[in-house]
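Heads up, the next two complexes both have chain A, just with different partners, chain B and then chain C.
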Partner chain A sequence: MTGDPGPRSRVPVLLVVIGLLLAVFAVVGYLGSRDDTAAPSAGTAAEPAARASALDTFIYGAQESLRRKSEDAPLWAQLGAAYVEQARITGDPSYYARSQGALERSLEITPEGNGEALIGLGQLANARHDFAAARAFGEQARTLRPYTAEVYGVLADAYTQLGDAEAATATVQSMLDLRPGLAAFTRASYDLELNGRRDDARMALERALAVASSLDDQAFCRYYLGELAWNGGAVDEASEQYEQGLQAAPQNVALLQGRAKVAYAQGRVDEAIAGFQAITTRSPLPQYLLEYGELLEAAGRPDEAASQYEVLAVQQQLYAAQGSTDDQVAALVAADHGDPGEALTLAQAEWDRRQSVFSADALSWALHVNGRDAEALTYAERAASLGWANPTYSFHRGMILAALGRRDDALAALNEALTLNPHFNPLQAPVARATIADLESNS
Partner chain B sequence: MIFLRRAGLLVLAMGILLFAPAGPTAPPPAQAHPLGNFTVNHYDGLSLFPDRIEVLAILDTAEIPTVQERAGTDTDGDGTISAAEGAAHAAAECAAMLGSTTVAVDGTPAPFTVRSAMVEYPVGEQSLRTTRVTCLLAAPADLSGRSTVEFTDGFKPDRIGWREISATGVGLRVDASDVPERSVSQELRAYPTDLLTDPLDQRSARIEVVPGGGAVAAAPLGGLPSTGVGWLDAVVEPLKRTFDGLVGSPQLTPLVGAAAIGLSILLGASHAALPGHGKTLIAAYLAGRAGSRRDAFVVGFTVTVTHTGGVLILGLAISALSAFAPEAILRWLGVASGLLIFAIGVGLLVSAVRRRAALALVDDRVPALAAVGHGHGHGHGHGHGHGHGLGGPERGERFGRGGLIGMGVASGLVPSPTALVVLVAAISLGRTWFGVGLVLAYGLGMAGVLTAVGLLLVIVRDRIAVSRLAEPGRVVLARIASMLPVATAVVVTVIGLALAVRGLAGSV
Partner chain C sequence: MSKSPRTRRRAATAMIAAGATLATTALALLPGTASASSHREAPLISTMPLVDNTDVYSFVSPDKPDTVTLIANWFPFSEPNGGPNFYQWQDNAHYDINIDADGDAVADTTYRWDFRTDDRRVEAETILYNVGPIESLDDPDLLFRQFYTLTKITANGEEVLLQDVQVAPSNTGPASVPDYGVLREQATYEVGKGGQTFTGQAEDPFFIDLRVFDLLYGGNLSEVGQDTLAGYNVNTITLQVPISEVALNGNGKANPVIGVWSDTEMRSLQLQPTGGAEPVGDFVQVSRLGNPLVNELVLPVGLKDAFNAITPDVDATIPAVIEQVTDPDLAQRIEAIYGIPAPATPRNDLVAIFLTGIANNAPTLDGSPAPIQADLNSQVLNADVDPAKFVPSEMQRLNTAVPPSEEPNRLGVLGGDLQGFPNGRRLADDVVDIDLQALEGAFAGGLPPVIIEPLAAGDAVDTNDKKFGDAFPYVALPNNVSVNDPANTQPDTGPASVVPPLNTPGTNLPTPSVVTGIAAVALLGAGFFVIARRRETVAPISS
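Take a look at the complex of A and B:
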């Protein structure tokens, strides 16, 4: 066989060539198919949304324009900000990823002095509850765009959540001076409410409603007017506001939640439960799952309540895996329905991150369920320091005071909670009443 | 030097046989649900036939709603979803779809029924499960004339998520449609992440159809069964699209014609190079049966003839009869092909066992046999049967040739959907003879690869047999060579059975 290398030696060469051809062919085919799967997506975007709001129209126009002219940094930034808004309205979190991508694209094109992108990143960070980052973006943007109202919107939200009450109030004032529109009035209202000025807060919201042009904006204002009434115990007025809001936006989940809790307060328990079931099916956010679970527990359906807490735990696991920086709701859930030790860990982490009235309240309650009432009281008083009339905070403070044996102060705080809103919580309102009865009988 | 070349040849042979399955098969890593952890996503793939409408309805439920549904699905409350519980859940979901998924033909509603329902629980983020329910809905409808089909999906209307509809015509032509022909998300498996694209929210579709098969080229595999191997479809897909474009191009210039023929050969070759075809077992057969190089060409020729004939008959039938369901035919051809191979395998096994029994009596002659094999195994190209005269040369020869042809028939029996689609498209464009030529070229491509693989194996086997090893090594090799017929017979039998079962299960 070594004797005749001539004709034989060509065969392996031929085979190698065939083998290589096959390999190259298949690899090219595979790579080609991958390009292909990405390509059709651009085509499908060309379909306009079925129900177009001003926001939908803007997003659609911006997408079209950027597809033709992809180097428009300000438009990329505006699109990123619009996606944040769209995520809030639709409840669809996939818009956050798109927002991030659009804003990064804008910064890529114009890395220096890109105030629009910084504003968008600040709005995105606030929406994701990363308030420290939002503050940093907002402050950078403020040096670049000191006369743009949106900058102050980002900063007001961040300062409020981080517990810098004075800066928050000053920033809201700057925003009102620059552009007294819907965004400024609603923020002013929230700031006033936190500082205990409920009537002024309502007036600000009414002004916001007067300038609200879109149905979504009207629904937004109606919801907060309803919440203001609800937190003051005015169930009928709250109901009126929620219903008016639902006429503008029948599918608005926040307003549906308002309707459901009104139903419970008015004794229509089954209707309330059905309402919450629909809400959590559509938008299983931690707050709604918690309220639904507590409602089920109060209605004597502990098994179903436990399923809601289980979903909450899964939700928490997912948030933690995504690097969430908001442990406040999780701390309260753990304190009331889970592990007290975990509640304290979470509340302490949240307090280390931001020293706001919200985190002060969460930490005080976590300390209370761990039996550390003396420390808890410090934080409960801190939560009340701004003067915010919040029945849940009053209830927390009252229970801590009762545990410390300060009977009169405890009675005052618990009565305050029930006076503000007798229906503030389906599980805690009865506890407040029982504790009051208990304290009064031991006098 | 010789040894190196031989080793290289072996590596190459292994490489070719392993190449296809070892290619781009890596599954995508489990990751966060691309559309958020609480979305519920819908896809409706409409197939419009002259006599009915079929909808492949898929419901992809992310991690959180999967947990929310668990209490309802886990009816015995043991914390796990059994197969029965999953099936009941799928059946309930598909039945619930009937209430809100509607179709009307020229304004007259057509009632859907559930043909099949199944559920899977793919792993999502944090090792949590997601839910994927697949329903096949069907409604009788007369679409044999010009008609307008209006479809709406109102199932779980308030859940947040991706909503997608696609529609293709099978045996009729889609004249106008407000939905694409194929899923842009690969049926909810890969969501486009374009920054300039909103999540799709398609809840209804309006499609106008007219008689004729003209649009089949535009909807290559819409109504035909896919291979069931996702990436396999993906590999051939872009080529097929180019191909469809060439076939349908308005001006049939010599250049376009030549390009289409060339691409046909390439497609046929790729089709044969991918797994799921008889190439491996043909190779095994040749290696085990002491086949000659001529045998390899016999196989290639048989495959081309069978495949071309099959495609022509089926393609003409599809074009001539509007109410013709190619899937069922393809499925039964798949079963027939599997059974044929199985029968050949059994025959091989019987003869191999008999021969081994005979050989065992004269075990000391084995080295000599190997030497005989050397003398006739190459150079003349007529080694077939000579080295194994003990089993009766006439019988072995006869069965061998018959088996080879059977194997070729089995390989060519199941028409490739691509070839079929191209032919039907060419016919509808009035280019029947061009289509026939393309199918012929396709078959030649297939035959080329199968012949090449067969030749490769014959050569490798011959080299092993003639290797100038030391005497003990030759004895071992000869033993292996004597085992080979039994082993290959078993492989052929198993593959035949597997192909038949797969055909019965519904994929080709």
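Take a look at the complex of A and C:
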């Protein structure tokens, strides 16, 4: 989203107020969630959340140490990298600024040959969705630290998001062959999943789980094992994975989101809504706001859904004002709940930056909602080119094919979406079913 | 949640009343995670303490001098704090102890431990390690059991020495484990003829005051002298075999010197398998350890990952490794700051200690005569070794012909006791002090070594907090109370700080500021020490 609101985009004062409210809620939410994790819950024999993780311990130790020896460039770099990791785990983006500060300090002390700082900067750039910069940092770091597995992690993430699938796979392989641990196995799993090899992807995640030594890492593996099951329509298995993850990390927002969507799939609508309300209070990320809104809409509560979309829209404008470049999700939100023209502008901008399956899908859908289905199909096919079994992508492709009058292909794609996961989206799954019925009756 | 939504709403209202400043602050917190989920952000820095080698020991068994004892440890900072926490061995990995008897930097004998797990917790519907006192290895209360197969690998092939035998469990506390000694005895197995092995938990035998590196800027030496690893356990593999089992050509008389190191390998995964559909991969080395503190005091941060990945035969081909041995950073920095002159380079004394072993005709890298004129522990001393095929490499070297000392000196060769480090390494050898002395040139003029006085006190921790055993497996039983428990402030060998720093009479104690200053320099050179050495647990960072 740019500073130019465009002719149809309105930002009423009301929304600004909502935005400020939201921001405050975010702060309160973060503080609240911290309180929650700091205090051991009564009556629980083992309270894993109360225990300081190895990462917490490291950050504390490094800060202490740097107070005494402020010229330790590698340690500054390691601290900077640890902050990015902490941002990922806590969802608190204020760690990014701290990370940048620590990494810059490291580079200031050792400007040349500072592989550790380059790795950290690459990691930070990936986290901020500046994948081209991450690739550049990673490639510099690789010449300096060819034996360091993290270099390949930074590069693999960047290549994946930039759409260089072959380089991504090769880089993950390098990482696996250097250090077959959690970071490599989780990336291997993602790479296998993107290439349509779900059983292998699950096996890789199980390898990851077997070496996950921290509770947060275990939670990460459980969430994605749950997602693999979920995206394959295995609701019970997904639920079991989410619940096992929550045993390790009861406050993990991603796992709570998993639990909430399982509740919806199993018909416990009120529980699902309560779950998303709690999640969005604690962690008002656009994805969760979007899912919450769609859930409310599907539950026949359009007014409440609309207010979530409004909050989401403002949230995204706030991000845009801060220079965030994640237009891909914004494009999909605009396509489904906002202004089609804006959706296309955003999707095109994202595609211009990176030609990945992710941005191809977003652009295809944005073209579709603007009625440009012939062009849309090219991108939808591109999104499917790796073989990733993604029900949303199949749905998008199916709707485009239907609009083009390619009945059989449309039916195949829409059925594929529902076969993969009948619950893939509370709004789109019913649309898929209706479209299938429509196509079949018009044969 | 501890706060009701109502409370939160009130808080929010109050905060809005506080004005726009707050909102601005809040906005500053948000950007960056525009959508954390639009791409998958996987962990990058992951910890693998289970496969992190911490220390290796090799010595002629004091009570069985025709045997050698080899000890390798993993999983640093294992705290016996009970509950669901315990310290396991990694499945799908190789834990190796390697012996190079002919000096070509390639293992002639590898003892390999492969583990499997029998986890009964899900069936028992608990996350607890045990649901009652563990009184024997097959106690039904023990819900997480591990077993291993021990294989001996030589040029003649692989020989399974032990098949699927049980590991002694973690010590989860006095109530859970009333007598660890019983479990240890049950988990000690005979190996071949005259050998034995134990795999389980032990008190961490490494002793050091880690704070020596942290207290330096305060110059407060009065606090130094405490074993900061006291109270922690490690996972240990101890193996005792007849010297003839590992000596070149089975002849320990003619070929008494062996090189020893440990490494850990994990199984990779092949993303695009060419053969079958199973995406399995080769085992790759993720951790390696020979001499103590090489990765901390000798190698710079940027080389640590490389060193953990390469095998010893590659060491001498990497110029950066050689450079750090022949011209160590640490000695230069100490000279720059404290005026203690760095010994002349190239440091062939360090080449002998770390890369070739000590011998009159030890091969130096530049062809000059060996600076330490003594026949102590290089494989070139073995009668059946062809010196032309010798390859310098980093490993612990032990001359098994040196008989056990009647009165071991914690400073080993530095203290005139040829049975100790750097001739192998005994549990009680004070390797921190010895390594610092060696780096500062104590051996630069050959034997006898010359103590570098300002460094004589080292870290002022001279002994382990627990006594070592007189018989196999020698390591102390694992601690069973939390590290912060007052029981751990009562070391059973008395406070280390009252032990004189050296046996040399009339040694001048260095001033605190010099010692701590040097420690500071050591730290600058070594990076964050705790992290570097114990990186998998404390610092999940590439170091």
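Please note the rule applied: the second predicted complex is superposed on the first by the 392 of 443 C-alpha atoms of A that agree within 3 Å, B and C clash if a C-alpha of one lies under 4 Å from a C-alpha of the other, contacts with A are read in each partner's own complex, and residues count from 1 in each chain.
Everything below uses one rule, namely that a residue touches a chain if its C-beta (ideal position, glycine included) is under 8 Å from a C-beta of that chain, and two chains touch if they have at least 3 such contacts.
It should be emphasised that the depicted structure is a prediction, and the values quoted were computed from it without experimental measurement.
In the superposition on chain A, contact of A:S213 is made with chain C only, not with chain B. Contacts of A:G91 after superposition: both chain B and chain C are touched.
Looking at the shared chain after the overlay, A:V314 reaches chain B, while chain C stays out of its contact range. Once chain A of one complex is fitted onto chain A of the other, the partner contacts of A:T281 extend to both chain B and chain C. For chain A, the partner with contacts to more residues, out of chain B and chain C, is C. When the two complexes are overlaid on their common chain A, residue A:V329 makes contact with chain C while staying clear of chain B. Shared contact residues of chain A with chain B and chain C: 23, 25-27, 29-30, 32, 35-36, 45, 91-94, 97, 278, 281, 315, 318, 321-322. The touching residues of chain C, when paired with chain A in their complex, are 1-3, 5, 8, 11-12, 15-16, 22-23, 25-50, 83-84, 90-92, 127-128, 214, 216-217, 266-272, 279, 281-282, 284, 286, 301-302, 305-306, 308-310, 520, 523-524, 527-528, 530-531, 536-543.
Those residues of chain B lying in contact with chain A across their complex are 2, 5, 8-9, 12, 15-16, 19-20, 23-24, 32, 34-39, 63-65, 67-68, 70-71, 125-126, 128, 158-161, 180, 182, 184, 186, 190, 192-203, 231, 234-239, 241, 266, 269-270, 273, 449, 452, 456, 459, 466, 468. The part of chain A that touches chain C in the complex is made up of residues 20-21, 23-30, 32, 35-36, 39, 45-46, 48, 54-55, 57-58, 61-62, 64-65, 68-69, 71-72, 74-75, 78, 81-82, 84-85, 87-88, 91-94, 96-97, 113, 115-116, 119, 123, 126-129, 144-150, 153-154, 157, 160-161, 169, 172-173, 176-188, 190-192, 200, 203-204, 207, 210-214, 216-217, 220, 224, 247, 254, 278, 281, 285-287, 315-316, 318-319, 321-326, 328-330, 358. Chain contact summary for the complex, chain A toward chain B: residues 1-2, 9, 11-12, 15-16, 18-19, 22-23, 25-27, 29-30, 32-38, 40-45, 47, 49-50, 59, 63, 66-67, 90-94, 97-98, 101-102, 105, 251, 278, 280-284, 304, 307, 310-311, 314-315, 317-318, 321-322.
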